[in-house]
Structures are given as structure tokens and as C-alpha cells.
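Contents: one structure, followed by commentary.
Per-chain residue numbering starts at 1, and chain names A, B, C and D are given in the order in which the chains are listed.
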Amino acid sequence: MAKSKFEYVRQFEQDDRCLPNCWLVVRVDGKAFHRFSDAHNFEKPNDKRALDLMSRCAERVMDEFKDICLSYGQSDEYSFVFRKDSLVYNRRASKLMTSVSSLFTSAYVFHWPEYFPDSMRYPPSFDGRVVLYPSDKNLVDYLSWRQADCHINNLYNTVFWSLVQSGGLSPKQAEERLRGTLSSDKNEILFQEFGINYNNLSPLYRKGTVIVREPVPDETAPAEGGKKSGKQKCTKLTSMNVDIIQKDFWNKYPFLLDDVS
Amino acid sequence: MAKSKFEYVRQFEQDDRCLPNCWLVVRVDGKAFHRFSDAHNFEKPNDKRALDLMSRCAERVMDEFKDICLSYGQSDEYSFVFRKDSLVYNRRASKLMTSVSSLFTSAYVFHWPEYFPDSMRYPPSFDGRVVLYPSDKNLVDYLSWRQADCHINNLYNTVFWSLVQSGGLSPKQAEERLRGTLSSDKNEILFQEFGINYNNLSPLYRKGTVIVREPVPDETAPAEGGKKSGKQKCTKLTSMNVDIIQKDFWNKYPFLLDDVS
Amino acid sequence: MAKSKFEYVRQFEQDDRCLPNCWLVVRVDGKAFHRFSDAHNFEKPNDKRALDLMSRCAERVMDEFKDICLSYGQSDEYSFVFRKDSLVYNRRASKLMTSVSSLFTSAYVFHWPEYFPDSMRYPPSFDGRVVLYPSDKNLVDYLSWRQADCHINNLYNTVFWSLVQSGGLSPKQAEERLRGTLSSDKNEILFQEFGINYNNLSPLYRKGTVIVREPVPDETAPAEGGKKSGKQKCTKLTSMNVDIIQKDFWNKYPFLLDDVS
Amino acid sequence: MAKSKFEYVRQFEQDDRCLPNCWLVVRVDGKAFHRFSDAHNFEKPNDKRALDLMSRCAERVMDEFKDICLSYGQSDEYSFVFRKDSLVYNRRASKLMTSVSSLFTSAYVFHWPEYFPDSMRYPPSFDGRVVLYPSDKNLVDYLSWRQADCHINNLYNTVFWSLVQSGGLSPKQAEERLRGTLSSDKNEILFQEFGINYNNLSPLYRKGTVIVREPVPDETAPAEGGKKSGKQKCTKLTSMNVDIIQKDFWNKYPFLLDDVS
């Protein structure tokens, strides 16, 4: 059987290597998660189990891809930041986004029983994309954009579900009530009508989750010429629910943006 | 919190719409499946359960994406053929390859217990890519390339594992024995030394699996002006282990290549 | 002087090879030719010298690039069709579009004095693009689109300039007079008010110019073992002002679309 | 004539906008300039007229594209650096590279008679490409790479042509004589055999030409609220034959890399 006469079809594959020296962000997004969360009775406005599962999957991905220095997640999305100088898969966009999306999804189904008592009813999926950011500022602005999105959606959802669950409004009525309101209006409704101080809610819901890869001080360095390779540095993952828009965060983890290019 | 001042980062996302009027093939490939199959004691040279699970996942994907007219799988890979005129996701390459890879993987973990008695030990992943083929001939040659690959690998693996499992050779010895042999040599070894007629082995192993979407004759069409929409045609998926390199297959399913462009 | 430490910058160049087995069209377009034609007193609505110069340049390009089988030009634009199987510059998009644009422009300035008595006042430029068309139908439709564009613009310009040059209207008045008119209206104005039968105007203006590369029957084959290489076939360029939207043209030159893929 | 039924072909054009916030370099290269320089009797190893003409063309390009802050040329090539924040042509790669290549070529033919007494014998062409550089360092390294290339080639050519023109060697003999020699060897040959101190040769040949766009101090600023628009700043082009690899150059023109992103 002549294999060779068909092999020309490989020429139709196109090179999609990403520009060097740019931050490489892969974001995965749940597909039709409105329906999925309904089918699995996620708690509204936030289901802690679902958010924890998301972060569990993100850690799996970061365990596999050591060039990811930071990830940020909220709702049904997670963003993974590969270092500017990463050469993983030769920076091929297809490989990067499909591998990350696939592994994230796989972990989601795999770890589901650790977070939810009931069986999963059907397999969910996450799409993915890869975006390049040339400068530190662009990257920080990207992450700020996602965290601002988290805030805006969570504030809306918190008021909306308060109106529905405690206020006796129908979803339609709640929607109308909130149309055109500002952030301050929503905070006021929460406080006046439901006695909720938004800022006291869990930062998991308000800020999302950032996972940082930190170098581990090498305490266990072998005393007498052990084999410890200098190449593979020890790192650990630290998960937090903090503000990443302000400079404080970046000042606290200066190695993240340690841009020497 | 000013969302708008960060939104400029969306401009860094690039348009990746695929050229119109080309066959659009998404292929998913198991990542490090050598290790995965060892860790889960897959039978050698072929594990029928694993292959059946792969095809189960392919059907899930075809259920979701109605524009896939055909898929072909072998070993730890599956190719999905979207119709030339498909507009799904506006033909955006990223969306297509990540959604298919993710859903395929999700189904793999989800359906695993239906095929394997033991628990999955860790979440597997599949990478994906999208390739365009402008002509029917290019597409058929692509699929022929994958089926020829199936044949070559399966013949090799069948002899290799016979030599190891029944012939008492070590993997290394089997590898050396096979170095430089032709197909005819391998067939001869199988027949003379192990009494195996390669052509009698299961076509599932020799040919892989092709799944075709067939139109269903609309028997249940309502007699007098029923609500049956003409838009969404009824189709069914038919799975086969047949030769797709020869013309016979394509003549039998002429609607697959019904190219009117 | 260390050259090597800088050479890494080559990695920032990206591969832009075009998909194989597609028609490859490079179109060049005059930049700011309104201003250029005014500055050089082009006759309105058409300047035969300018159109002839354009076609002279197109022939230069076709002399250089033997894989161009056909070109079509009108107004200040020209489209060059490379054969589906062309491997020129490895089908790299950048090389193709810049080389064609540059050579076309170069020829324009170079041959200018052969067509215009007055010196060129400043150097003009042409931008370029490359577009892929997978099927013969797509290619023919592309060319039909350009010829339909030629017709629409030329009919408009012919009436417009008749109203201005012979009808005594100001450009603004002419524009208002034509707003919302159909083709039939414009034909009627031309005929009733200026005694012009549009269809009798020069096909150079109405149809644009198509240049076909034709094989030359090899009459001059050397009798006694001459050096004539079989590889480089003799061809000649034939320029015409004919309809290329109807099938007649394509039936007359069947080798143009001789698509065996 | 139905225009609309053909217009779908526009969908085959692909978006090729360049990543924002990257330096955008367009480099044009003479095509087959070996032949062109022979046909026009360029002086060896350098023809000052040809180099001056190249820089004249570069200035034309910089006059047209105000977002080019710097260009660098040597031999038959010129690189144009667009500012990181340039939005010219929406950063579409095709438009950028073809427009620059075309205008450069146009100017070359147009201005030829100002530099060469004899007529041009045939129209030359320049190909072009666009490359993105994310950081200032990448950009400076790119330009250093081109200047190092200038140095290496010019040193080689200077010795080669000395051996041929003054040393009586054939081109082949000169080539063999130089095979494997280091820079120091070549300097030595020049000095010992031909009394030439390489460093005393014209910097035009040794360093190439850098053209910088400088802001012009606005002396003519109207005293009390004149109409002078703040938008379109006055600039002038300054051409130099200096080292751009060392930091001195960049320190002298700090506004070039004034990177605030």
C-alpha cells in the first residue's frame, strides 16, 4: 500500500508559530455553561464547588505546563499565562490552545466526583484561544480586564439573585429593576433591601482566583555534591483571591514580570 | 471600576477565519498515549475497548456538530470532516479545533466507565489541529493517508507483539528482527511462525473506523401541512470498518462528496 | 563584530505560505489615482493611454512570472492569476504580492514616456494583495466581479462626464442627477441627451482587458536535434477586450481552467 | 448586470492585521540586483550613485509615511521602522508591505536620471516583507543585524575587488584566496597589499545609511493662539552614516525608543 503518494497532504498544514518575546495567554471558556449549570443545579449566584473544581483543573494544567507562570479564573473561564520566552511546542498556537483546553476539560470530568455528590449528566466542553501580549502593561491590562469583568458580573448576579431568591421578584422583574443601574445603585439595593455589604462577600466570588507559580527556596540542597539538577527549579503553586488590578499584587510577586528582554 | 480602559486588549485577538469553500478537517491526537495505555493496561497490539471508546467519543462530537459529514479514527487519533460550506463558528480555526478537542476529551473521560472496569488513573488529553483541503481529491487523499498509516502501524504492531508475546523475543529483539522488513516479510512471519493470516484479523484493527452521516428518508413526514421543519434534515450515523482508499466506498456514499461549488 | 548574536531576530519572520491547490490571485490597485490622474491630465472618463500603459505593465509582469496564466485589468487595477499548482517563491504570500506590485509599478514609471508626452510629475504607487480561490467557479466569479465593477463604474463615469462636458452641469449637479438611477436610466440619458449608444463605445472601456497566456504550437521545433528544452513550453500573450462573465470565453480557452486536481 | 451575485468572493480575502504594540519593520530588497548592477555598470565594490539613489527613495517613503521614525539601508536593501503605535492602514500587513515596496520602486525609476547619466535599461523590482518586533531590544538587535551584515559584506567585497582590480587575480582566484579568512586577515590583506586602511574608507560603505525623523523645534509657533494644529508635528529627516550598534546612537536620539507602553 503506497503511503507515500498520499503524504503530500501534509503540505496543507500551516505553520502557526506565535511571535517570540510576547506573553502568550491561553483562555478557556465553558461552552453553554448556562445550560450545564442548570442541569447540575449549581447554586446561584455562585457555586463554590464549581469554582473550586475550576481551580483544581487549572492546577492540573499548571502542573503539566511548567512555563505557565500565572493563571486567573472566574466564573466558567480560566486564563493561562505562558512566559514570554516559552518555547513549549515551538510556540505553535494550535498545539498550545488545544492541549490546554483538552487537559482542562479532562480534569474537569475527572475531578468532578470530588466536588459534586451527583453524577455528571453529560460531558461539558471548553473552547480556547491564544492571544499574544507584547508588553508587561498589556498583560496586566488583560488580566485586569478579566477581573473587572468578574466584578461587574458578580455584582449584577448577586443583586439579581437576591431580588429573585429573597425579594420575591420574577427573573424578568429583577432584570427590569436592574436595567440602567450603576454599581453604586446595586450596592445600595443590596445593603438597604437585603442587609448585604457587598464588600464582605467572599473574595472568591468578588475577585476570582489567581494562581501563582513561586520558586521554592532550595532548603533540601544536597550537602555533598548530590545530583540535584540546577535546570529544573523547584516551584510551588499558590492560589489566592486577591486584587490583581492594583500594583500591590505585582509588587509582591516581582518575579512574575521580571522582563529582561 | 473602569472596565473600558482595559478593553483595548481585545484588539490583540486575531481573526483566524478559515478560507471558504474548502474541506475543513479537525484531527485530534492522544497526547503521550503510550504512557496512558501502559498505565491502564491496554491490550496489545490493539485494545478493542479503547478503540470502541474512541468511536463513542467521535459520535458525541458528530452529534454536537451537524456539519461534520464524516469522521475517521484509528489508534489514538480521530479526524472530523466539516462540509466545505460549513459556517459553524464563522469557520474560526481556534473555536473549531478547541471545541472539538475539548468535547472529544470530555466524552473520553465521561464514557470511560462504560468500556473499562477499572477507574481512570489520571486525566488524558488530546491535541488538535485544523487543516483545509480545497478539492475532493485532496480530502480523499488525506483520509487515505490516515488509513494507510493505520495499516502500516497495525501490521508492524501485530508482528511485533506476536514475536514478543508468543515468540519469546524481548521487545528489543523483536525490533531488530523487524528492521528493514517489507510488508510481505511481515505477512510471511505472521503466517509461517504464528499461523496468523493478517487479512483475517478484525477489520476494526486493519482498517480503523469510518463514521458516515447519512440522510434518513423522511417516513414520518406529516401528511397534511405538519410542523416538520424542512431545515433540519434527519440524519443518522453509520459506523464501519471498511476500506476508504478505493473508490467503492465513495461510490457507495456519493452524497459525501456532492461538490457543487 | 559578532553577527551571530543578532541573528536570532530572523525568528520573528513568519511563514506565510499559501494553501496549496488554490488559485492564487494578486491584485494591484493604484493608490490615490484620482489625484494622480488629475495631476497628469488624464482624459475623462477614460484615458486610452493610461489603460494601454497599465496593460503594458501587466505584460511585463506576465513575462517575468510564467505561472500567471491570465490577468485582467480595468481602471487603475490589475489582477494576476497564478496557476493552482504554482510553486513560485514557495507560494509565500509576501514575496508574491510585493514582487508583483513592485514590478508593475516599476514598469509603469519606466514605460510612461512611451504613452505620455509630458514628464511624470511624481512617482505613483500601487498596493497589492493576494487572495486564494479554491475552485474554478470561485475564480471565474472573482473575475466576473471585477468585470461587473468595470461595467458599473464605466457606465456611471460615461454619463457623469457627458453631463459635465457636454451637458453643462457642474460635477455636483451631475452627481445629483445620477443619484438613484438604474443602468437603464443611465443608458437612456446617454442615448436621448447625447446620442450615445453605450454598447457602441470601445470595449476597452466597457470590458477592460484580459490577457491570456496561450501555448504556441511548436512549429519551429528544430529538425536536427536542437537544444530546445521540453520543459519550458513556448507561450504567447494575447490581449483582448471581451466579456469574461459568460461561458463563451472560458469555452474558447479551455486550457485556462484545465483543472485535474 | 448582477454585481451582487459575485460579491461573495470578497469573503476569501483574509484579515492580516499586525499585532498591536509591536515595532513594525518593512524591509525592501532588490531582486536580482547582481544582474541589474552589471547591466548598468555599477562601480565595484560600491557605487555611490546607487547608494544615494536608494536613500533618495527611502526619503520619499518617509515623506509619505509619517509613522516611519527611522530607516536603515545598505547595499540594495532598506528597512523602514514604523512606530509601535502606528495605525496606518489599520496595521494590515499586505497594505503596508506592498505600498512601501511599490513606492520605493517607483521612486527608484523616477529619480534614476538624477543619479545616472545613462538610461535605465529595464525596470528593476524590490520585494518586501513585514516583521514585528515586540521590544526595543529586539528592534535594536534587528538593525544591528543589518549593519553587521553591511560590515561583513563590505569588507569582503572591498578585499575581493582589490584583489581583482588591483591585484590581477581572476574572480575565481580572489574567491579562493579569501575562503576561510577572518576579518583580521582581510584587513591585513587590504593594508599590506593595497595600502588601504579599511577604517578610513567612507562610512557610507562601511556603515550604511540611517535616516532619522527628528522633531523640529517649533520656532514659528504663533504667539497668541494661532491656528497651528498641535496634531501634525513638524519633523525633518536627517541622514547619517554612523554606527547604530553601539548605545551612543540611541542615547543621542532618545525619542526614537521613547517607549511608554
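Following the convention adopted for this analysis, a contact is a pair of C-beta atoms (placed from the backbone, for glycine too) under 8 Å apart; a residue touches a chain by one contact, two chains touch by 3 or more.
In UniProt terms, the chains line up like this: A, B, C, D = tRNA(His) guanylyltransferase.
Being a predicted model, the structure only gives us computed values, none of them experimental.
**Q** Taking each chain's centre as the mean of its Cα atoms, which chain lies farthest from chain D?
**A** Max centre-to-centre separation from chain D belongs to B.
**Q** Could you classify the chain A-chain C contact as same or different, where same means more than half of all interface residue numbers appear on both copies?
**A** Both copies touch with mostly the same residues.
**Q** Rounded to the nearest whole Å, what is the centre-to-centre distance of chain A and chain D, using the mean of the C-alpha atoms as each centre?
**A** 45
**Q** Roughly how many whole angstrom separate the Cα centroids of chain A and chain C?
**A** That gives a centre separation of 51 Å.
**Q** Quick one: chain A and chain B, Cα centre-to-centre, how many Å?
**A** So the centroids are 30 Å from each other.
**Q** Could you pull out the residues of chain B that touch at least 2 other chains?
**A** Residue numbers touching two or more other chains: 12, 14, 19-21, 132, 138.
**Q** Across the complex, what residues on chain C touch chain A?
**A** 11-12, 14-15, 17, 19-21
**Q** In the complex formed with chain C, which residues of chain B make contact?
**A** 19-22, 132, 134-135, 137-138, 261
**Q** Okay, in this complex, where on chain A does chain B touch?
**A** So the residues of chain A touching chain B come out as 1-3, 5-10, 12-14, 28, 31, 60, 93-95, 97-99, 101-111, 120, 122-133, 138, 141-142, 144-145, 148-149, 151-152, 183, 245.
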